[in-house]
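Shown below is the structure under consideration.
The letters A, B, C and D name the chains in turn, as written, and every chain counts its residues from 1.
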Amino acid sequence: MTILMALPAPEPGFEDRVRDSFVRQRLMETIGARLVRVVADEVEIELPFRDDLTQQHGFLHAGVVTSVLDSAAGFAAYTRMPADAGVLSVEFKVNLLAPARGERLRVVGRTVRSGRSVSVVAADAFAVQNGEETHVAMLVGTMMTVRGRAGIAG
Amino acid sequence: MTILMALPAPEPGFEDRVRDSFVRQRLMETIGARLVRVVADEVEIELPFRDDLTQQHGFLHAGVVTSVLDSAAGFAAYTRMPADAGVLSVEFKVNLLAPARGERLRVVGRTVRSGRSVSVVAADAFAVQNGEETHVAMLVGTMMTVRGRAGIAG
Amino acid sequence: MTILMALPAPEPGFEDRVRDSFVRQRLMETIGARLVRVVADEVEIELPFRDDLTQQHGFLHAGVVTSVLDSAAGFAAYTRMPADAGVLSVEFKVNLLAPARGERLRVVGRTVRSGRSVSVVAADAFAVQNGEETHVAMLVGTMMTVRGRAGIAG
Amino acid sequence: MTILMALPAPEPGFEDRVRDSFVRQRLMETIGARLVRVVADEVEIELPFRDDLTQQHGFLHAGVVTSVLDSAAGFAAYTRMPADAGVLSVEFKVNLLAPARGERLRVVGRTVRSGRSVSVVAADAFAVQNGEETHVAMLVGTMMTVRGRAGIAG
């Protein structure tokens, strides 16, 4: 039997807080990302493929893939944070598994371990084409719960 | 005395190859990044701050910072690659050290170890404001030399 | 539907090759690790807790946990490598999720993506106590297939 | 001009606290590591090569190299922590640059950024042979300052 770390219960209204924060992430609008799903510990974001987001071979740039991975993972951790807290990325590692091409990118972020000040998160990116998905990238990272610091909420 | 790994000599024309490849990275134009400097094993890129590239607290999104770190590091490795090769990111880790705000981001990528198929790279990002720089992020990663694969050159 | 990357079929005898290589990892004997299970893409290793492997608070040292994570992950990748190849760790990231204490550590390594020269691997470590398991650490890393280099086989 | 993050001044007695904590890391004695140098933000450890610490090709196992990298980096962060605090590794990434062989390993850990609860650290490992050094591995990681938790001091 595997014991999961005890997670704090999500505070009511976490879906709305994630949606509000997502809207304030101006980059998400700039690249055309859409928030698809928000549940406790899991957030899904989609990004339609666009030519102006590519690297030199015509695939989505690793930085664009990372942007969506980081947002999905950060918001997953944010679902467990106190209502007055903000979330900041401390660090992450991204592995690129296959070229990110196709019609769109589907990204699922999740909480691995939720602590008082630091959370461990993971996220996977899948390229979708003709109804089939290819696993193109994965992230493992650390998020920080920030409280009482000017300008850091949501 | 520290012995550096023997690096292959850069093939003539590497500056032009980096500049050509940078132009083909459509994302760099989309976010407004400029290629500033290209020498063997070191590439510098600048990114003026823009409100539409931010996360929810008004700082540059970690994915944008990563985009520039990854490009600078990848092109640094590319300066040592054969003229007919392409460069692909295998993986990277990014640590966010301070909020990325200010007038612009200055990013320096460099080769740490250049191997036949795999290179180790690093990059640092500095936020520039009023002539002062703050170290805001660092990347350590792995780049792959790709040859003879359709669509992967530059 | 998710498409997994096509993996090369394991060459016959891979279990024996992993067991031979494990025995030659002198460190595994030194710390008392046991090879428990070898199947294609998955290798399990156990490490009984020992006081002489601890850090300053009496938990297993992160480096010991990493030793077992790295071996399990590397051998998982090795199950897919050609019979005359060797495996080398290129890089890995380890997240420590909870103190590593208890009766023993159970570690499962697996292949995430197996390429010609480079493989992506992952591994999880669980602390076992009174029949219960706690997830204490996770690794994501990159392994290299090495052929024709003197002294690198197995 | 580059602005470094303001670090808290080291509290008196930090060298002794590091030396005490090092002695309590039983693993360091088990593998034969020696604490060589402790100054604010920098700690150096040496490890004589031993056959019983190797992987299958006769090089020092990546987990042994990581053990010393992690200890050196963690103690570097510890030099800036309050006298009643303990240090725990949150996560690290290690890149293996060259085979770890020779007479001994020299490892230097340093603080990159020291925060109230979380510090960013780095470390480099050099293999020493015949008076020459080869850079064989590098670590970048995150350490946590722990206070008031039972059993976590030093």
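Observations on the structure shown:
Everything that follows uses one rule, which is that a residue touches a chain if its C-beta (ideal position, glycine included) is under 8 Å from a C-beta of that chain, and two chains touch if they have at least 3 such contacts.
A quick map from chain label to UniProt name: A, B, C, D = Medium/long-chain acyl-CoA thioesterase YigI.
Keep in mind the model is a prediction, meaning the values are calculated, not measured.
Comparing the CA-atom centres of all chains against that of chain D, the greatest distance is found for A. A repeat of the A-C interface exists among B-C, A-D or B-D. It is B-D, with more than half of its contact pairs matching by residue number.
Per-chain Cα centroids separate chain B from chain C by 31 Å. Our note on geometry: chain B versus chain D, Cα centroid distance of 28 Å, whole angstroms.
With centres taken as mean Cα positions, chain D sits 23 Å from chain C. Residues of chain B in contact with two or more other chains: 90-91, 93, 95, 120, 142. Those residues of chain D that touch chain C in the shared complex are 21-22, 24-27, 29-30, 51-58, 61-64, 66-71, 86, 88-96, 151-154. Considering their complex, residues 90-91, 93, 117-118, 120, 142, 144 of chain C touch chain B. Interface of chain C with chain A (complex): residues 1-5, 93, 95, 97-98, 112-113, 120, 126, 131-135, 138, 140, 142.
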